[in-house]
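Okay, handing you the structure first.
In order of appearance the chains are A, B, C, D, E and F, and numbering begins at 1 in each one.
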Amino acid sequence: MVGDSITEFQEERERLNTIVMRYAGLNMKRFYNLDSQVYREGALPARTKEMLGLVASLVLRCDDCVKYHLVRCREEEVTSDELEEALAVGLVVGGSITIPHLRRAFEAWTQLAGERP
Amino acid sequence: MVGDSITEFQEERERLNTIVMRYAGLNMKRFYNLDSQVYREGALPARTKEMLGLVASLVLRCDDCVKYHLVRCREEEVTSDELEEALAVGLVVGGSITIPHLRRAFEAWTQLAGERP
Amino acid sequence: MVGDSITEFQEERERLNTIVMRYAGLNMKRFYNLDSQVYREGALPARTKEMLGLVASLVLRCDDCVKYHLVRCREEEVTSDELEEALAVGLVVGGSITIPHLRRAFEAWTQLAGERP
Amino acid sequence: MVGDSITEFQEERERLNTIVMRYAGLNMKRFYNLDSQVYREGALPARTKEMLGLVASLVLRCDDCVKYHLVRCREEEVTSDELEEALAVGLVVGGSITIPHLRRAFEAWTQLAGERP
Amino acid sequence: MVGDSITEFQEERERLNTIVMRYAGLNMKRFYNLDSQVYREGALPARTKEMLGLVASLVLRCDDCVKYHLVRCREEEVTSDELEEALAVGLVVGGSITIPHLRRAFEAWTQLAGERP
Amino acid sequence: MVGDSITEFQEERERLNTIVMRYAGLNMKRFYNLDSQVYREGALPARTKEMLGLVASLVLRCDDCVKYHLVRCREEEVTSDELEEALAVGLVVGGSITIPHLRRAFEAWTQLAGERP
């Protein structure tokens, strides 16, 4: 069972995307579309692509992006061991500056796993 | 009429700048001065410069900087269509990692425009 | 008349884009298409959009991207004074770390203007 | 005497590191260890290393990292004048995009110094 | 058969690493060691980890790092279709600013595949 | 005795700065001035400030900036042991993505020290 803050995160994300779409022209809409297409199963499985998105988000240090991909990784049944190894690659590539994001990533993962934080 | 959170943002910004100025030496003060000079009308109109500052802030993913330039864009009577096109350039240059900032940018714009978020 | 190194830059860019397109799937092709659409004249003139792309490229410190937008700025008849002011915004936003790119930007601009570097 | 928000920051940091360590494999643990070793006194004094970590954190724009190094700088008896000069280097290298982080840095420093913000 | 520029890249990399090791203290050596450990097969296969390293390197826009992981991806028998999909994730996350690196990535891949560029 | 490539680096830097100054308006000139003032001896010694500039440049991954500060560190009689420890902080903060720049930093240092690379 998913903890409150993840649910709130997703609702807030939806609320704000609705505002974006009120203003978005064709190019922004195309970008949004592309942003979902690129994670679809293809030569690489969707779960691998979600881990790619996760590690890219960690090294670029975007908490919202990390959280989004964690939700998707959970849906794709990425295990905690797989997750830890993916994040370890991100930590070594991106350095200690990623640690605050790593902390929040594992906290969100704990919530997603239904464990007490 | 501007929504509360923009007003609060500006008051907080002022409060913190006062703290900075309590410590700032000559070089920091010069930087602050330069940071306002560079947006003054010249060969380029102030409104174009504010859009340059806005897009630079979006691709560097600084919410506070984005919000500041949105306030200034509004004062310079940048339209919602112009804003959307400027942000679309930033989105394509900076990628999906800018989307969380884009969302918060449009929310702030909605507040600035006096519409309900 | 444009100096050699700009011509070589454009030829190399074409050569490499041909290689990309040999591998590119639908999503990459869509991204490339979006990347040209977003600079088209709309509510904002094309020349303003090129300056937005230029400053975004400067603060993100991408020499190739800066050079590309300089060529386009020249085509859109951006003046040297306008260019200097746009780059000054980028310099103040992005800091001294952008200076090596600023140097190469002005050198390319000199070549584009047909002056001796 | 240290203000509340610094204490809360340190407690939250501890709480989250405990979660990280629940998942961390050998490589993450080694990284955490390395991250503390590298600031130990050696050819350079610990206080110089903390200022290096501080300025690196400012230009990479990580509030949590800045705050952590401020706490350590205070422990190493870095003076407010030394701090201002170190942050001024960071401001000029990193540009105006670092200003929101600079503001929060000086606010935290005020708290660490036991002065009213 | 691998083209010249990849061989030269690897030899130059070795030559420079030898210089680093002449100066490196214990912490740098530990970092280098960690940097190879983290890509070892574990819960995730080595090939997945190399793709994670590749996409992280693309979004952070490091040509040398991209090239290194391309060599490793080739050794791990990543196919061109898999590679294209991984890089497409990086392109969408990191935006058009990654395109110059994407171009050089595919050129290196062409060399690694023994095809004429 | 300084090796050729450092001399060439400095001459090229001068040549390009001359081009910048041909275009630079008052704000750019002020920025350039600020960029030299901020490293002047004050509460912190010039050598500490050069190391701050060096580590900031390493984590932001700017080879030209790293090289410039290495020249200055050498002039300020920073020892190889001090340099290694400063760069180790940068490596851990910035991660493996800084390694290509670290390699080139030590190569330049070898040249500056008059040793054979």
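A few comments on the model shown:
Please note the rule applied: contacts are C-beta pairs under 8 Å (C-beta built on N, C-alpha and C of every residue); 3 or more make two chains touch, one makes a residue touch a chain.
Since the structure is predicted, the reported quantities are computational estimates derived from the model, not experimental observations.
Chains that count as touching both chain B and chain F, per the definition above, are A, C, D, E. On a Cα centroid basis, the chain most remote from chain F in this structure is A. The two sequence copies chain B and chain D touch through a face in which the numbers common to both fall below half of the numbers used overall. Rounded to whole angstrom units, the spacing between the C-alpha centres of chain A and chain C is 32. Annotation: 27 Å between the Cα-based centres of chain C and chain F.
Rounded to a whole number, the gap between the C-alpha centres of chain B and chain C is 23 angstrom. Contact with two or more other chains is made by residues 25, 27, 31, 34-35, 38, 42, 56-57, 59-60, 65, 81, 84-85, 88, 91-94, 96-97 of chain D. The part of chain C that touches chain B in the complex is made up of residues 34-35, 38-39, 42-44, 48-49, 51-53, 55-60, 65, 79, 81-82, 84-86, 88-90, 92-94. Within the complex, the chain E residues that touch chain B are 59, 91-98. Taken together, the chain C residues at the contact with chain F in this complex read 61, 80-81, 83-85, 87-88, 91-92, 96-97, 99-100, 102-104, 106-107, 109-110, 117.
On chain F, the positions that touch chain B within their shared complex are 25-27, 30-31, 34, 37-38, 42. Listed in rising order, the residues of chain D touching chain A in the complex are 13, 16-17, 19-20, 22-25, 27-28, 31, 35, 56-57, 60, 62, 64-65.
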